[in-house]
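As written, the chains take the letters A, B, C, D and E, and residue 1 is the first residue of each chain.
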Amino acid sequence: MKEEAKRSAKQPGLPPGTLAFVGRKRTESVRIRVVDYGREVLETFDLEQVEDCSDLTRRHTNLWVHVSGLHRVGVVERLGHCFQIPPLILEDILNTGHRPKVELLDQGIFVLLKFFSMDPITAVMEVEQVCFVLTEEALVSFQESDRPIFEPVIKRLSNPRSRLRQSGPDYLLYCLMDLVVDHYFVVLEALGDRIEDLEEALFDEQWRELLDDIHRVRRQCLFMRRASLPLREAVSVLWREEGSLMKETTQPYLKDLYDHVLQALDILDNHREMGSALLEVYLSTQSNRMNEVMKVLTIIATIFIPVTFIAGVYGMNFEHMPELKWPWAYPAVWIVMIGVGVLMLFYFRKKKWL
Amino acid sequence: MKEEAKRSAKQPGLPPGTLAFVGRKRTESVRIRVVDYGREVLETFDLEQVEDCSDLTRRHTNLWVHVSGLHRVGVVERLGHCFQIPPLILEDILNTGHRPKVELLDQGIFVLLKFFSMDPITAVMEVEQVCFVLTEEALVSFQESDRPIFEPVIKRLSNPRSRLRQSGPDYLLYCLMDLVVDHYFVVLEALGDRIEDLEEALFDEQWRELLDDIHRVRRQCLFMRRASLPLREAVSVLWREEGSLMKETTQPYLKDLYDHVLQALDILDNHREMGSALLEVYLSTQSNRMNEVMKVLTIIATIFIPVTFIAGVYGMNFEHMPELKWPWAYPAVWIVMIGVGVLMLFYFRKKKWL
Amino acid sequence: MKEEAKRSAKQPGLPPGTLAFVGRKRTESVRIRVVDYGREVLETFDLEQVEDCSDLTRRHTNLWVHVSGLHRVGVVERLGHCFQIPPLILEDILNTGHRPKVELLDQGIFVLLKFFSMDPITAVMEVEQVCFVLTEEALVSFQESDRPIFEPVIKRLSNPRSRLRQSGPDYLLYCLMDLVVDHYFVVLEALGDRIEDLEEALFDEQWRELLDDIHRVRRQCLFMRRASLPLREAVSVLWREEGSLMKETTQPYLKDLYDHVLQALDILDNHREMGSALLEVYLSTQSNRMNEVMKVLTIIATIFIPVTFIAGVYGMNFEHMPELKWPWAYPAVWIVMIGVGVLMLFYFRKKKWL
Amino acid sequence: MKEEAKRSAKQPGLPPGTLAFVGRKRTESVRIRVVDYGREVLETFDLEQVEDCSDLTRRHTNLWVHVSGLHRVGVVERLGHCFQIPPLILEDILNTGHRPKVELLDQGIFVLLKFFSMDPITAVMEVEQVCFVLTEEALVSFQESDRPIFEPVIKRLSNPRSRLRQSGPDYLLYCLMDLVVDHYFVVLEALGDRIEDLEEALFDEQWRELLDDIHRVRRQCLFMRRASLPLREAVSVLWREEGSLMKETTQPYLKDLYDHVLQALDILDNHREMGSALLEVYLSTQSNRMNEVMKVLTIIATIFIPVTFIAGVYGMNFEHMPELKWPWAYPAVWIVMIGVGVLMLFYFRKKKWL
Amino acid sequence: MKEEAKRSAKQPGLPPGTLAFVGRKRTESVRIRVVDYGREVLETFDLEQVEDCSDLTRRHTNLWVHVSGLHRVGVVERLGHCFQIPPLILEDILNTGHRPKVELLDQGIFVLLKFFSMDPITAVMEVEQVCFVLTEEALVSFQESDRPIFEPVIKRLSNPRSRLRQSGPDYLLYCLMDLVVDHYFVVLEALGDRIEDLEEALFDEQWRELLDDIHRVRRQCLFMRRASLPLREAVSVLWREEGSLMKETTQPYLKDLYDHVLQALDILDNHREMGSALLEVYLSTQSNRMNEVMKVLTIIATIFIPVTFIAGVYGMNFEHMPELKWPWAYPAVWIVMIGVGVLMLFYFRKKKWL
């Protein structure tokens, strides 16, 4: 499955916290975008030198540091140092095959999610890993590629009266997670449309290549489920977390997010069952067609084989075959042959094959 | 599946609480019906201007405000404002693909349900989302279409000695939910009848088009299950809620409602297993038929192919074929051919093919 | 399924507690049998007028009131009034499609069970709903038909030294429930025998009509499971109930009953898996047979089609066919044809088709 | 299934505690063996008269009373009386179809297990029920047959320095249970070998009779699972029981026993999945073979049917068929026929059928 | 399955704690390697005489004793004596078919794991059992074979600044367990590649031998799952253990290990579902091919059988067949025969068989 970020298992036996990028490179350059925002201010700039990250922590407003591209391990390591992210967490950020989770750190919250998208034309599912580390005053986010997936939130931030600007980084974290989960519904809808198309194709008898497509949709559902199931627990951990990091005003939003995850899992389960049903129906349909084919063969064969035999009999060259000389023998044989054919047809009609 | 209110996923990245109608328009006009009732009084009127809704809250008796039609977002927003419904709840009301739930608000209870009905002739399942917001003195209900689904309760309200008139809006909420769940049994019965018809058709050998129908019934069960499973938890939340909103006298009724939901889920599980069994039996039946067809072909072919060969042999034109001149050769060949045929028939009988 | 008491769903929207018989009429007359018993006394009579039921409650000994036939709603309503049974409970009693349950009332216990029996000859499963309301001094029982299913307990009551006569109505309730569950084992044994017969028939190649039978047994297991699964929870509620109604001396018996329910569910699960396995084996068997049939056809056809072709060649009427004039051509052709046949047979032997 | 102790359901309606043997008779005589043991003493004798059992309880050392054969109800009843075993427990002992359980009595512990063995040659699984009642000073055990299944423990008892002689009857109970569970692994290994043999046979194309064998192994797994699953809970009850009956020193052994039960269930689950996979592979294999057969038929038929037609054409007797007179017509026809055949072969090669 | 360490069930009835090696011999000699390490020191040597093990416990630094080869029971017994390992634990160490577990001992922790590896060329899965006993100052480890699986950790130990050297044996235990689990991902990746190869082969129509391979991969997944599922609980026991043996600083690493086990189980579940899907698709593919084959046969047969019949008719030798003498009869028959063929072709096109 091209769509899955292939986990090429790390070499066994390395010390824990050994940083190594596990995945495929999704962008050329690594970019660190910094958004410094508050009720009154909004400043956005790119951090050219990762070594300068320690300067950032001295700022007084809310800070969002977003990293696109993970293949330069040094960058992640340095940032981890600036924001005091433990090495085991950094290891997880770089392991792009990790399962979704929320982990409560000593002085922060770590969130790992999968971002899904689907090419509407090729129906190829793309997935990339997205991680967040929330501290008291900053949110650090990591993304595999440089696709502008968080653009809508950046746009909302530019509005000084938006709730985002009135709130801390915990609400920003919620907004970004919500954005990720919102995309699930877009992908799920595409999958649902695909299943419906396959269904129609099945019953409309346009059935070539269908098996491959059904198999593919089932795989995509399976894959998406693997990324969504741990999310339920992860979001509920976040929602029930009553520390000082997730403010009480953000709790109802997390509950809403939790609702959405349940909804997505519901739809996914439905899709999976529909996928299984599709395959079963496909098998039944094929059985149907084979029956059809066999019946045509049987009807033709059982009508003509006996009469061909009769013709064969009177093609024999024996000297003493009295029938050959009878004047009405030829038409009589025709009548017998037609009679046999008609009898057969009646038999098939009775069997409801015709 | 035409029956499912198609969720066209909202654009990702919108701020939480952004109101947008997600679904298909089911009625032209949006109608707001107000029922103001108490032990002594009953007043029913339509609220022409949604802006007047703030007047309603000043009345002293029990209030039921029912909205049919959700596609005018402004109406819902304004009502939400009058009755202090939080924006996240309004968002759920407008999202017609939401899964059923009960949510305890600060000053109210929110209930989201699916109303099912089935066209008895076309066997098309209709679903629409129904929401309730219960506050101390009022019940606000929302419905996608303008079908008069709550008519029986309105009729019961007109009876001054009915329990409805003696009780508050919590009992009204129960009655409306009970009405919704009662309809489940009507639909389940229709589905059950359908499954039994399919079963009979399967064994009565009237088997064309059956596959499509079986698949459809299984989908409908799957779809209904998705709407019913969360209901169990939702109703049990309501039943165990011991705040001041759901009065103690209403508790036994909620327990009864819970019982009905369990019963519906039981029947649904049964229907689903019967549906799976149907498909399996269908496959077996087809295998049976194919066997039948193959046997007829094989019997005819294996009887006539050898004797046709014999006829072919004596149709050869060799100059030196002594048998051709023997006087009894022709009847002897007939005897051989009939003998071969009879032997074959015995063989088939022994194999129990005949 | 004729066997299932068909629930014809009630009209939606009726007030809760509206009494209506839901099911099919199983007896002409409704009979109310009263057994008044104690250590010293035993009096049995029929209550002709249901209005007299209030007199019953004034008696001082243990009272058992048994109603056979539920289609006269007035009778049940009146009895409910005499023994202070809440309307919601009466509604459940009359709804013969209700799932089994135990409900602890304010001043009593309500038990709803399914009684199963199986006609040994036609293998038709019969089910009827049996309800009990236990109060401090009386047990009221309801049964759909007038079959004397509780006769063994009545006989045991006639023995003055039986434990039944020494104990209160709670022990009587246990005995009647035990009787109902004991019948489950009789039905389960019949189902098990049926499955074994089908199994033998499958492997003994007596395979016509089998599919219908397998499907039927699976349905019966499914149906019985639906009635047994809620029983587990119901009986455990009763067993752990430590109020004054179920005396402590009756607890070990309820534990034993609970054991029996578990045992029945065990057997049922086994039966269901065996039923599924039967269908799978049936499909395999059919596949086997088809293979058999196809092989016979293929062997006959592949032997005779080539030699028939050879015969056809020398049946051509070309003027210049030198072989026709060779003196040994005819036996040579025979040798070739037999050779082809023998080669084919060797080929089939190598393929292990023979 | 001959292997299953057939439960012929008791007559419904008997009073609880009515003793009746339910099963088949496995031994002629009923034998009561008494082992009286302690650190210093070991006395073994048969109790000829069950009435003398009350004498046993007066002895001062540890007592093990073992009953082989359950069909004489009077013997069990009398023993039950001597050792104060409640009637409901005696009923369970005699019901050889009971599910495994551990029950904590007022003054004892009751354990019910299934003992499995498998005939290595016929692969017939034998099961018998084994029960234990542990009291402060004695262990009473019951076994259906008179097979010497507990011989190894008796041998160990004869060693004065064994832990058995140093410990009380609770450790003896553990040892006997461990012996029973140890036998599970022997049977499971035999089942595993059987599954592997079937697997090999499947892929080695020795496939007749296989279906019956696969079905049988799956049944045996199913049956064994039914007896093992309740064991998990039963042993864990025993293990966590902290009364005075199971001494603290025996706890680690019970934990070890629990481990073994988990292990057996693990293996069983594996066996069951392998059994299901076998059937699926069997079906696939058959499908493969059918394909093979069909291809041979199709290749032969599609090569010879067209050329036979050509031969037929020139076997027609029309007066005006110019080809018949051409001198090179006959070899030309041969060339055409061979050409058709070769073309067909190329077509099949392209389709990868050859 | 060669891959599974075959458990040849021990003889039933042996006393608990009886030591016996259960498995196959994996190495000739048994080797005991001792690593004595601390912040400053690192000493590595082989213990030639197991009897000297009591000397080891007198050393003051951290001790790691590693045993490769389990078939010499005496060695294990003696070591168990030196390090006070209870006999029941020693029994588990020698039982190479034991399920993974963690057991908290009075003065230590016992860990039992499966080490997996896969030969990249033959795709044979190798498993061996690995056990650890952790005490306050020492870690004793046991391995079936003498493969140098723990080499990476030994190498890390040689670095004086590594965390391993700074920490106690609890961290060493973690590192060794982590090494074992890291290998799971290598094997899982190999399995995943294998499944993808099979998938491609399925759709690329290179389908011989596939069934055997699919079955094998499914077995391997099943087998690996059996070894991984208990690991989840085992590692979580260790992680939550708050005694003095597992130091608090090691807890985050155990949490990370737990994460990895969850991840491995996730992947395994996915693999298993993909394996099932493969078999289903394989069956469908075969059905497809059979259809293909049948259609070719049917098309050829239904075109030629009727026209061969016509040829047969005019091959009859009746004296009075007027057609034979008509001058245009021969071409007319050709036209009829071609017409029949063309009609058939149109019919097949209409049926979409061509």
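Everything that follows uses one rule, which is that a residue touches a chain if its C-beta (ideal position, glycine included) is under 8 Å from a C-beta of that chain, and two chains touch if they have at least 3 such contacts.
This one's a predicted model, so the numbers in the text were calculated from it and none came from an experiment.
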Quiz item: So which chains count as neighbours of both chain A and chain E?
Solution: none
Quiz item: Just curious, how far off is chain E from chain D if you go by their C-alpha centres, in Å?
Solution: 26
Quiz item: When the C-alpha atoms of chain B and chain E are each averaged to a single point, how far apart are the two points in Å?
Solution: 42
Quiz item: Where the centres are mean C-alpha positions, what is the separation of chain B from chain C, in Å?
Solution: 26
Practice problem: Going through chain B residue by residue, note those that touch at least 2 other chains and give them in order. | Solution: 283, 287, 290, 294, 297, 301, 305, 308, 312, 315-317, 321
Quiz item: List the ring in order: which chains come, beginning at chain C and going next to chain D?
Solution: C, D, E, A, B
Quiz item: Which residues of chain C touch chain D in the complex?
Solution: 151-153, 156, 162-164, 174-175, 178-179, 182-183, 185-186, 188-189, 196, 199, 203, 252-253, 256, 259, 262-263, 266, 269-270, 273-274, 277, 280-281, 283-285, 287-288, 290-291, 294-295, 297-298, 301-302, 305-306, 308-309, 312-313, 315-321, 351-353
Quiz item: Which bits of chain A are touching chain E when the two form their complex?
Solution: 1, 7-16, 86, 88, 91-92, 97-99, 101, 205, 211-212, 215, 218-219, 222-223, 226, 230, 279, 282-283, 286-287, 289-290, 292-294, 296-297, 300-301, 304-305, 307-308, 311-312, 314-317, 321, 323-330, 333, 337
